[in-house]
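Here chain A shows up in two complexes: once beside chain B, once beside chain C.
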Partner chain A sequence: MSSVMGMPVARSSEGPWRLGWRRLRRDHVAMWSLAITLLFIFIMLASYTGLIARNWNAEVAASYAEPTFDKVTNTDIHSPIGIQRPEAGPPVDISDIDPLAPRYQEWRERTAKIQAVQAAQAVRLPLGADQWGHDVLAKTIKGSEISITVGIVAALLAVFVGTALGALAGYFGGWIDTLLEWLYNVLTSLPYILLILAVAAVFSRGFTTIIMILGLTGWTGIYRLIRAEYLKHTDRAYVRAAQALGASHASRMFRHILPNVSHVILVQFSQNVVGFIKAEVILSFLGLGVPVDMVSWGTILAETQEELVLGKWWQLVAAGGSMAILVTAISMLTDAMRDALDPKLQE
Partner chain B sequence: MNLSTFVMRRLLHMIPTLLGVMLLIFVLFNWVGGDPAYILAGKISDPKQIENIRTQLGVNQPYWVQFWIFIKQVCTFDFGRSWATNELVSDVLLTRVVPTLTIMVPVLLLETILAVLFAVLVAYVRGTLTDRMVMLGCTVAMSISFLVYIIVCQWLFGFKLGWFPVQGWSDSFITNLVRYAPLPILLAVMVDLAPSLRLYRSFVLDEMNHDYVRTARAKGLSENTVMLKHVLRNAAIPILTNVGIALPGLFVGSFLLEVFFSIPGLGREVVESVNRSDFPVMKAITVYLAVLTMLTNLLVDVLYRWVDPRVAFK
Partner chain C sequence: MSHTEPLLQVQSLRVDFVSRNSAPIQAVKEVSFDIAARQCLALVGESGSGKSVTATSILRLLPRTAQIAAHSHINFMGRDLLKLNTHQLRDLRGKDISMVFQDPMSSLNPVFTVGAQIAESLQLHLRLSYRQAMNRAVELLNEVGILKPALRINSHPHELSGGQQQRVMIALAIACQPKLLIADEPTTALDVTVQKQILELLLRLREQQGMAMLFITHDLGLVREVADQVVVMQQGEVREQNNTEALFSAPQHPYTKALLACRPRLNARPQRLPVVDDFINGTVASITGERQRGTHPQDAIALEVKDLCKTFTLKTGLFKQEQLRVLQGISLQLPRGKTLGVVGESGSGKSTTALTLLRLMKADSGQVLFAGKDLLTLDDKEMLAMRRRIQIVFQNPYASLNPRFTVAQLLLEPMLIHGVGADTQARLQLAETMLQRVGLPATALQRYPHEFSGGQRQRIAIARCLVIQPEVLILDEAVSALDVSVQAQVLNLLQDLQDEFGLSYIFISHDLSVVKHISDRVLVMQEGKVVETADSDELYRAPKTDYTRALLAAIPGQL
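So, the complex of A and B:
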């Protein structure tokens, strides 16, 4: 602290976070993973604030426009894809069989007065278009916004619940621990996916609901680890010393012990983000995730099964690929962080 | 402590957990889930009809009576009939479990054998380029959504190349196993292999650093004997735990596979009953799966003793 104010101080030993960061910086794979993760978060924020992909819902292209890098619109070529009128035959008098025939001429004149402008629609786009002519690039970005938000917010919730309960159980022990262990046993005696589906069955679909479902069912892993850490730390000398100085329970739990277990929390957090992004995709695919007016990687992938049969592969590659890149980056970053922040590993 | 005392004590410990599971399910489906009469009566509902259904299901009774009814249902295996198809819930469970196991038992066997085999091989060449490439491949493979695997492989092997039927199921076990099951099994093994391989490799590596491995080498034992008889036997304990954790999941199977390949198994039943708000089926599947999970955990603990005589029951 003092060095920040410019005062000369005795060189203090390096904190675990700075040490971890120094180790991490030497790891090229970790740095690349971090860069990719930050890029995705940056794109997500840009999409969130409306800088990009705001009009993903606009029908800017022909249905299933193919992916390419040169922009071609239907004003450039004569016949727009899909619309081909049959040649008109010779005029016939059909007023005997068609009672409306006498009025055709009048209608034709009236329609001629109305100017119909056909909007310029691209027939080719960088990542192509979907069934309704939405730009797949914009749609994937918009989808990443929802998917990553769900992953991060649900992971924050799970980490918060897991840490709080784990700290309580490990620090106090006794009946609190017994009660929380019972809750843990109850939740883990069901296969995780069945638990999620059972909860999803009774709540209405929605953006907040899916975050709540994932967050409130996914805290058990981190609870277990934090509880074990608190069991270990509660009787350590520094916590006893804090007690002797008159630190309250809350102060000992969160000001003294928590910083010493925070590396576990960080690693668990990024692991949960990955798990929840994957879970959101599957739930949205099953129609139990985000509502129908939102787009996420899961809802995009749900469309791709039929598209693939028609030979339209680009949405699958765009959504599946961007998800795979992000998840790979976060997973590798997590592995590197686990090594870099491990206090047991020496320089 | 001998085996029977250990098993008895563990069974007694299950009672509070099971009560907790039942309470959780009860709160979800009887309290949060809303009035089932409206779900059952559908869109056109006259008050008399709703009152009838409510009396029939006992939902106008106080909550503790309803919970007692639920406990009785669990103990007697009698959950009544499905709200959606009017089938007996017990029939639903018994008929759906066979297709799921037809897929999942081969998956578990193949996956475990392959993962252990590869893990020993990769751990043996640890630190080399091969090892690093395999590990990188695993990380990337784990990052691709299961959905993408299914969509692509079903299209490629089923539709485009025609090696397997795209989907379907028959009444004959042999036909199912030979004709309809291979592609889903292949997919599940492919997807489950990467995480297991990574995990088992770390278990094997942990063992390889021990002194007994050096001793075994010093005695002049062949590498095969060292790896397969000494290292693998010790690594078997954490591997067994992992397989034990995976066992209960066997019964829900891979519900995604069942949905995509139209396999009439428990997993697809769960998804369908969620979509149809078919609460009796959901409740029954959830409760019995919890029981099954607890029993498999017990079985795994007993197996430890068999694999590793140093483990004491406590």
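So, the complex of A and C:
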């Protein structure tokens, strides 16, 4: 006690974020989850910029080519086959009787100039091929683009709406709180899927629509949590102290309280990402998701229901597996982040 | 000490807290003491001294990270407690040795009635039937002084007041007539008058049941009333050990001397409270002279409150409401450059007064006159200007500083709001000056609040007020959460600042000795009313109301 005037000089100053990061780094599961999540995002970005999986739409294999874990060898690949031309018979001049004869001549000349070559078609691919001979690996990578983007953007939107409304309700209370609680109650009293279907039916199909649907219906959970946090923090001494110093409402809400509830927001964000990736899959599966010319994990899974009957399981495994791995990684990461960032758990 | 075998013998107890990532922390270092049967031993020390760890090691209630060294022994009635297995320990806990904790609210299980909780222990240890146990519970509640015990056994903990809850805890602890009762700060969370009752109860029960008691406290005043033997601990080590009379009349260790001296007393008011450093450096003698306090009728008034009222509406049922009149016409005058002490028990409305007069809580009616204006009727913009001139320091420095701000951010914020200082450079300069003024180095600016001790944090909170140069400072239990030695330092600092800047203080506290030390004038509150106001010397010498007399009589450790 005698050293109150002295300072603990040895330790360098550490903010709550850096402290949280330090704690997170000690957690092996968290670091693996983070690595997996980053890998997915990296692959998604590579696909987005066209570095990989650009030609996912090409028919590179035979229909339903089987997956293999062996190296794909040359013997597996069909040799290029030229289109069979009809044998040239003895020339018969029928131009007198056939009005189309000059045309035939012209067409023959024209086809002679073209050498139609069918591309090499693999009978086996690492993750197999779908009905049209698309490479499932490339397709899954391409599909991650929409699934992950929808997950992240919709979660951002939901978190933004939920945080803003939750902060307003919890901080001000009174009629604002009552109003927002009514809205919350009405929204949550409707079955979630029904709500999504209703909104989806009103808007046209498309990428932005899905994001809007998920974002505008998915904010309720985070709203409730943030409201509770704000209710708790508004009466805390440090907020009172800020008020006594003359800090404005906005400053107290966002400069003071928000960083102290940020761990809740962060965790909710990643949980929403997980939920929305799944929701996109469900929507696309139900045919309310992305348009037919695009591919997402949801559309892949929608295709698989017929394939499964034929015993073609590899698309399901590819899309379902990637989704499961990513979702699990994000969930584990989220769990670890909550522990690492919660100020209550600080040593 | 005596030829008979002591009841409890703690021999070179050493407890380390180990963690995976840092060096072990030595919480208790080679502590030894004996407790004879029927004796009361007090473990005294400030936070972090290892007194609670010592006590919890006896019952082996330590967290998993704690390790007791192999050479330590705790002998209780001929058995080494450290060698007992879980089953034997469970038999012992609550039966031969029981414990009373500091916070009764969190020690009682909120979902069970108090009767059920007492009966559980009786059924477990004494193998009584449920009916017998319940009957015994009623007797026990009667014994600890709870009125209408037959009705009260069906109460849930939240239906009881803090003092009653602690009585239930004590009933629970003595249910099986233990040989040793460990009381860990049993009265710290209670009001002075209740504290006195609980202490009397403990002493009476000790006499009746013939138990020994290990009494853990930070308050030397209490020790004098309860203990036969005292062990003073600091930083995990025993500094001094003696019988109570000898320790109080002739303390040997400088730390003990400091602890005794740094607590404000009712019969003296030194210019400055001696602190631990004074005793270690031998500069105590330099503190001479008494400080004169009091007010004159012609003193200029800095702040005046007239007839302040505040009512809380409590929901008591689905449609029922109850009006709780927290403030019933509070009036007070704060003379310029003086300190107005506000005392009263919890629930008397002290803090509500502070919050409403600052408009941190909305008042129902009344006036707060400051600089010729009524603060309660100002619009937001005018009020903002006034906020610079009246500041508040809260009780808990752990809660009142935003944990996500650095000290620099904390100190700069009020300056930015009120436009103090030309640019960031000038503001940082001022922040640095004020930090040094409250006794912290400039390097503190880049740190976060969690890196500081309680006393240091309270200094930061004070510095944060000082940067905008207020005229009135409201100190709402500002030193109550601090250890006595740190409390003395902060009280000295507050006095220095008042002398230097001519600040006027409203000093709210439940601690009457501290209020006597720092205040010129004292206001006594009870249940939302002012029951007495007088100059501090006069109030303590000749209290006019029964309530004030009761409060003063309850101050522990008086001669």
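By our rule, the second predicted complex is superposed on the first by the 285 of 347 C-alpha atoms of A that agree within 3 Å, B and C clash if a C-alpha of one lies under 4 Å from a C-alpha of the other, contacts with A are read in each partner's own complex, and residues count from 1 in each chain.
Everything below uses one rule, namely that a contact is a pair of C-beta atoms (placed from the backbone, for glycine too) under 8 Å apart; a residue touches a chain by one contact, two chains touch by 3 or more.
Keep in mind that this is a model prediction, so the values were computed, not measured.
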| item | value |
| --- | --- |
| Chain B or chain C, by number of chain A residues touched | B |
| Partner chain(s) touched by A:281 [first = chain B, second = chain C, both, neither] | first |
| Which of chain B and chain C A:194 touches, first, second, both or neither | first |
| Chain B versus chain C as contact partner of A:259, first or second or both or neither | second |
| Which of chain B and chain C A:331 touches, first, second, both or neither | first |
| Contacts of A:247 with chain B and chain C, given as first, second, both or neither | second |
| First (chain B), second (chain C), both or neither touched by A:150 | neither |
| Contacts of A:238 with chain B and chain C, given as first, second, both or neither | second |
| Contacts of A:290 with chain B and chain C, given as first, second, both or neither | neither |
| Touching residues (chain side chain C, partner chain A) in the complex | 19, 21, 46, 234, 276-277, 280, 355, 358, 360, 384, 387-388, 391-392, 394-396, 399-404, 406, 413-414, 417-418, 439-441, 443-444, 446-448, 450-451, 453, 455-456, 461, 464, 468, 483, 485-486, 489 |
| Chain C contact footprint on chain A (complex, rising order) | 1-2, 4-5, 7-9, 11, 13-16, 26, 236-238, 240-247, 251, 256, 259-260, 343, 346-347 |
| Footprint of chain B on chain A - complex, ascending | 182-183, 185-187, 189-191, 193-194, 197-203, 274, 278, 281-282, 285-288, 297-298, 301, 304-305, 308-309, 316, 320, 323-325, 327-328, 331-332, 335 |
| Complex interface listing, chain B residues touching chain A | 16-18, 20-21, 23-25, 28-29, 32-34, 139-140, 142-148, 151-152, 154-155, 159, 248-249, 252, 255-256, 259-260, 270-271, 273-275, 277, 279, 282, 285-286, 289-290, 293-294 |
